[in-house]
Every structure is written in C-alpha cells, then in structure tokens.
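For reference, chains read A, B and C in written order, and residue numbers begin at 1 within each chain.
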Amino acid sequence: MGLLIPEKKIEQLIDENGIRTDGRKVDEIRNFKCAVGVLENAEGSAYVEHGGNKIYAAVYGPREVHPRHMARSDRGILKIYYRMSTFSVFERKSPAPNRREQEISMVLRTALEPMLFLEIYPNSAIEVFVEVVAADGGTRCASATAVALALADAGIPMRDLVTGVAVGLCNEQICLDLNDFEDKAGDADIPCGWVVQQKKIALLQFDGKMTPDQIMQAFEYSLKGATEIYAAQQVALREKYEAIRDIVNPPGSVQRDDDEDEGGDQPYSQQPRDEQRTPAPEGQEGGQPEDQPGEPDGSQPDDQGGDLE
Amino acid sequence: MSEVEKVVSSIEKKYINELLKDGKRLDGRGPWEYRPISIEAGLIPKAEGSCDVRLGKSRVIAGVKYDVGSPFGDTPDEGVCTLMAEFVPMASPLFESGPPDESAIELARVVDRGIRHGDCINYEKLCIKQGKSVYILFDDLYIIDYTGNLIDCASIAALVALINTKLPGAQWNDEKGDAEWNGEYWVAPIEELPLTNTFVKIGDTICVDPSLEEELIADCRLSVCTNSAGLVCSMQKGGSGLFSLDEVYMCMNKAIEIGNELREQLNLWQYRKEI
Amino acid sequence: MENLLVHDKQIVTPGTILTTDVASFRPGRGTIREQDAIISVFVGLVQIRSRFINVVPLNGVYLPTVGDKVIGIVYEKTPIKWLVDISSNYVGVLRPQNAMDREFKRQGRGRSQEEQEADEMDQFQVGDVLIAKVISFSRTTDPQITTLGKDLGKVNNGTLMSIPAPKIPRVIGRKGSMIRTLMDDTRCRIVVAQNGRIWLNGAPENVALAKFIIEKIHEEAHTSGLTDRIKEYIVEEKSKRGL
C-alpha cells in the first residue's frame, strides 16, 4: 500500500562542472516573484513564488484579541499561523496542524516582531495567516519574505522588511538557496531571515555539521541572495501604486500644480501634536516613531452638507 | 479592503430589499446571473490535479492527492474519493482559526454528495484488485477569499481538480501481494460534470450566486447540484427561513438550466492533462 | 534639497532611508530616526514640508482621533451603553448621555424625565448605523463617541461603503472640493467619515455611479491631477450608463 512511485531523491547534487540539479551555480538563487494586495478581505496580503514554493500570506489587524485573556495591556501581540496545504508536498500531509507548523509559526513571529512597533497597539492583535500551497525546500524562509510583505501592505509601520533565504552544504560545497532535493539530501541546512540593510539576522536555524568558519562563509552567500530578494520585495510594494500612477500620470505629462490637488488640509504637515493625542512611547534604541504613524487627519473638513433622514 | 462588518447594518438590509423589489441587485446583476468565474488548473506541481477558481472575488484553491489502500468492505471493487474543505482564516475576518466549523463541514459534505451522486467519478476504474487494492483520492479545498457563495465556487474547484488529475498507472503483483506502478500514467476517470447552484431567498425574492451581503441577510438558501443529464444529484437547504414547494421546483429547474449554461461557458474538459 | 535621498511624492517602503542629513531635516509622521538617518516606516508617499519629512501611508486600519467624524454600526447593546463597530481595532463606546436620536427626542416631548430615561437604551438597536464624533480616546481605553450635535445621529436609509482610512482626505478634497463635486455631479447625498466609511443615498443608479467613482479615487489617491481626472471619469461613466 502507499504511493506507487516513491519520492525522487538525488544524491549527486552538484556535477563536475559545479552545476546543481536545477542548473544553478552554487551562489545563485532560484526564481523569485512576488506581489502584494492579492486578496480581497485581508488588510494586507502577499503572494510569493520562490523556486517551486507558492505561498500566500494575509494580515488582519490591528484588531481585537481573541481569546480576550491573551491580550496584553502594554503592547499588541503578533500571531502567525503557518500552515501547509495537504497537496503542497509529495506525500499528502494530514490537514491537522502539526508540531513543525507550530514551530515555524513561532520562528516567524520572533523574526518579524523586532520589525514592528507593538507598543502602539495595546490590547490588540496583528494576525498573519500563511498558507503554503506548494512546497519546494526553504518554505520557512519564503514565508518570512511573504509575511514581511503582507505586513507592509497592510499599512502596519515597520522598521524594515525581513527577507528569507536558506543556505546549506551539498556534497561538501556551500550552496545558496537549497531546492527540495538539496534540502533533503544535503549535509546542512541553514534557514536565514535577514534585515538586509542592517546586515542583521532575524531568523536563524541550523541542521547539519559545519565548522563556524564554514557557517560564516555560508552567511555571506545567504546575505547576497537576500539582497536580491529584498530589492524584489520593495519593487512589489511600490508597484501596486506605481503601476496606476504610470498610467494616469505618464512621465512628461503636464499636471495641474499638485498643491492645489492635495486632499484636506495637509494632514501630516506640522509638529507638535495637539495634547488630546497620546504621545508616542519614547526612548527605545533605534527610536520610536515621533508621532503615531498612520494617524489620519484629525482636522475636520469643511461642510460636507450633513444629511440625515 | 474588507467591507465585512461584525453585523450587517439595518440600512444595508433595507437597501438590498428595496433594490430587489425592483428586480435589481446591489452589484447590478440579474437574478439568475453569476459573477465572473475564472479558472486556472495544474498550478500545484506536487498535486496530481489542482486548480485555482474565482467566483467574483471568492476564491478556492483545490488539490488532489492519491494513495493506494484497501477498499471499503461493502464496495470491494470501487475506489474512494474523499473531500475536505478548510476555511482558511485569511479568507475573511469572520473566519476563526481552528478545526473546521459546521459551515466548513457542511460545505464539504454538500460538494461531496454532488460529486458522488452525479456519476462524476467511475469508482470501478479506480479499483486495482478487487477486495484488496484501490486508489483513494483526496480532493482538498482551501478557501482563501470569501465574498459570498463558497459552495458553488468550491463545487467548481473540486470538480476541476479531479478533471485535472493525472495518476500513475497500477497493476496488481500477485507474488508481492501488492499494487505496483505499471510505468504509465492515466487521467482520473471523470465522466460527468455535476455543478452546484446556490439560490438565496431574501424576503420574497430568490436569486442565484449570492454576493457576501446577500448571503449575510438572506432568510435561507438552497443549493442544488445537477449533472449534464438534467438530473438533480443533491440538494441542501441552509438558513432558518422557509421555502414553498413552488419555490423549490423553480430552483431545481433553474439549476438545470443554469448548470447547463455554465458547463457550456466554462468548457471544463479543457483542464484535463495530456498524457 | 540636495541632501535628500528621495523627492516629494516618491513612493517608498519601510526601511527606505530618506536622508542622512539629520542636521537639516526632522523626522515627521510615518518616519523614525535611526542613528544617522531618517527612515520610512510605511509603504507611502514622501511629503516634504520645510524641514519635516513625512511619509503618508497608503493603507492602514483607522486609529481614532478626538474630533473625528465616524460612521459606526451598533453591534452590541448592554443595559448601559452601545458598542459600536467603527472599523478599527478599537471599539466605539456610546453612552446614553451622549446619544439622542432626534426621533426619540421628538416623541419624548410631554413625557417625564424618568419615563424618558427608562427608555433611553431603546433608541438604538443592533444593526443601526450612526454618524458620530469621537469625544475622547487614549490607547488603553476604547474611544467614547457621541451622536449629539449637528449632522450626527442615526441614519435610516442609504448604503455604506469602505475604503482605507488614509485615503479619506482625497475623497474630501481641499476644503471639501472633491466631495462637493461628487455630490453635485452624481446627485447623491454623501457623508464621508474619517474611519474610512462612506454613507450614500440617492437613486440606485446614481449611488452605483458614486460608489464607482469613489473606488476610482481610492485606487488613484496617490496620483496627481486627480480632481480633474475624476470630473472626466464622472462624465465618461454617466454617458456609458445613460445617466
């Protein structure tokens, strides 16, 4: 009983010319594509294709915490639910959540938390749902990439994005961005989540046997790969808006003086705030937003001609 | 951006009802008109069959996996197909994480019954060795966006994923006492196209393919599954309102008509894989 | 402006360094100061106003601010207050002393104080749509709202739509110019609230037109020349729809 054809495994991961099973060199990343705003209901959403991985991430929040007793009065909580679809892998995965998914959910949370300003959301939750519909090695890294995109798309203030890419050891060579075969048959697997501009690590796990020096070299490869992916993330976030702008404001077209066109009295122009607003928390390393990010304009527009029955 | 609120407002109910009295719907559709449907098949590499179906902005991703195992005692010469639906919380602020709730279970069972009784799958062709070894198909549905009428969206997705399924061929090896790969592939034995049409009753008006608002304010709904032979294969009434027999009769006949129109329009056999 | 790494109205992403000239520029809304740089915390539009660099977010959940007009839906009624969904992670709280439905008031003339008070909580029911104002709020307590005041109270007709709160200023326009154009040209009554909700009333085909145009404003909120383009869209759509 069971499957008629066993899962394909490859032992010779790199050939004599240094070419891997999918035609890549040891320091190349796989195909990467991403887009944001792909779902209708979520506040923010993202879709990532990384190698054969296909991953959706969706953000709801900030919103009320359920169950209530999990709420924290000093800050918001970030909850990540990482799940893999039954058909995402070679042998059907049971639909029930398993420990691996729980662990990855936690690892993703600790990777993204430092990027958020949770203290501005007491008694609230930011929830991120990740669904891996197709898996191909490095799913947790690609998920970190997707979660960061979805949070940014939701308009949640972030210090920066997180970018995931794994690196490992195959047939004694350091290889960037392991595919499924390499993930399973390789000698070591290091999932990484980078804050690329700071060259800092937000997500890190390791399985295998390597010397610290080898691992440091692996990090160099990993950061290089992450840098490429980070650029693609930024493009995707902007593209949603730039695409529209390019159509309606083509470069070179004459537009009316923009100041005449601004909506409302400048909502974000001046400091200081008026005292009715809660001052933003102060003094942490790296700085807090000087003012509450995302605050809509408090000033009332003139005269909408209120009409009630 | 979600327009889903915790509770449907009273003015929305009033607004929708007033429009319906004039034969109009919130999004301008006629009472028997479906929202745009788009289908992409074969997108999940490790699934034997798969599809991504959008009905309006409701969206279901379906995938089929197989296993080989023993048949059920009362059907020793038939394979098995089970259907599961997961209401992923990303689809709506109304969905909570956790095991499938009654809506998810109802949806899976309604879609499953439609396929089972619609003569859709030739279960005998899924038999490898009578009494010993059969194919077991898992048709799993993931709802990733909810803007009304998941039953119909899921019904199309479940069917297309099956049509799109390519299985390794099997032969029985007497010596080993087990099934083994015969070196070839074949497409899943799908022989009919059962489709479900869901009607909602709002006040005295009945219309098909409810949008989210229509679904949330409806008094009740009736899902009718029909196949291309013009037979009703399954029905399910949901919600706590009442249907008259005339209304049920009308819905059944409308379902046969609309089902055929959809089959014509969607041309679902195109999603079969080449061998 | 040569010390800036970005220009006004540029679309930036979280972590984008806007300038390293922290002597000349101050971090405004949507930005933070990290050591020797001012960086964006949003996907948004750069906005440079003299020494302040702001980033206006293009999306986000509504954060209540005192004085804001909000459109809420009553979702729970307790013996002493109404809980109102104001499209935020914060719940709007409406207490009877801040609520007066004008119909209720009218019917109440001639009744005693005690009789009125006994029926206070009957004014609004679950599902009612209210146009209200935020009267107090802090991050650790839910915002208090009121329906007392000009143009506030329960609405009995019409329909609602929602867009992200940060885009609402565009629907209003400079000194209300956009909303006035919308109302005049679509012949609808429209109330735009800071929490992203918009109430509309009118003939169904006009309401459908107005909703379509507001969605256009939502999509193009970050572009220039919007007011003129919206006027064109209205003309185009009216002709397409035979209005």
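Rule of thumb we're sticking to: a residue touches a chain if its C-beta (ideal position, glycine included) is under 8 Å from a C-beta of that chain, and two chains touch if they have at least 3 such contacts.
Note that the structure is a prediction, hence the values are computed from the model and not measured.
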| item | value |
| --- | --- |
| Category of the chain touch graph - line, ring, star, complete, other | complete |
| Highest C-beta pair count, chain pair | A-C |
| Intercentroid distance (Cα basis), subunit C paired with subunit A, Å | 28 |
| Averaged-CA centre spacing for the pair subunit C and subunit B, given as whole angstrom | 39 |
| Rounded Å distance between subunit A and subunit B, as computed from the means of their C-alpha atoms | 32 |
| Numbers and ranges of subunit A residues touching at least 2 other chains | 43, 63 |
| Shared interface positions of subunit B, touching two or more other chains | 1-2 |
| Overlap residues in subunit C, where contacts from two or more other chains coincide | 155-157, 164 |
| In the complex, subunit B residues that touch subunit A | 1-2, 4, 43-47, 50, 57, 59, 61, 63-70, 84, 86, 88-93, 96-97, 99, 133, 138, 140, 142, 144-147, 168-170, 178-181 |
| Touching residues (chain side subunit C, partner subunit B) in the complex | 73-75, 85, 87, 125-129, 155-164, 196, 204, 208, 218 |
| Residue numbers on subunit B that touch subunit C, as the complex places them | 1-3, 5-15, 19, 22, 24, 26, 28 |
| Complex interface listing, subunit A residues touching subunit C | 43-44, 61-64, 73, 115, 117, 120-125, 152-161, 195, 197, 233-234, 237-238, 241-242, 244-245, 248-249, 255-256, 258, 260-271, 276-278, 286-309 |
| Touching residues (chain side subunit C, partner subunit A) in the complex | 9, 11-17, 26-35, 39, 41-43, 47, 49, 52, 54, 56-63, 65-69, 89-91, 102, 131, 136-140, 150-157, 164-166, 168-176, 178-180, 183, 189-192, 194, 201, 219-229 |
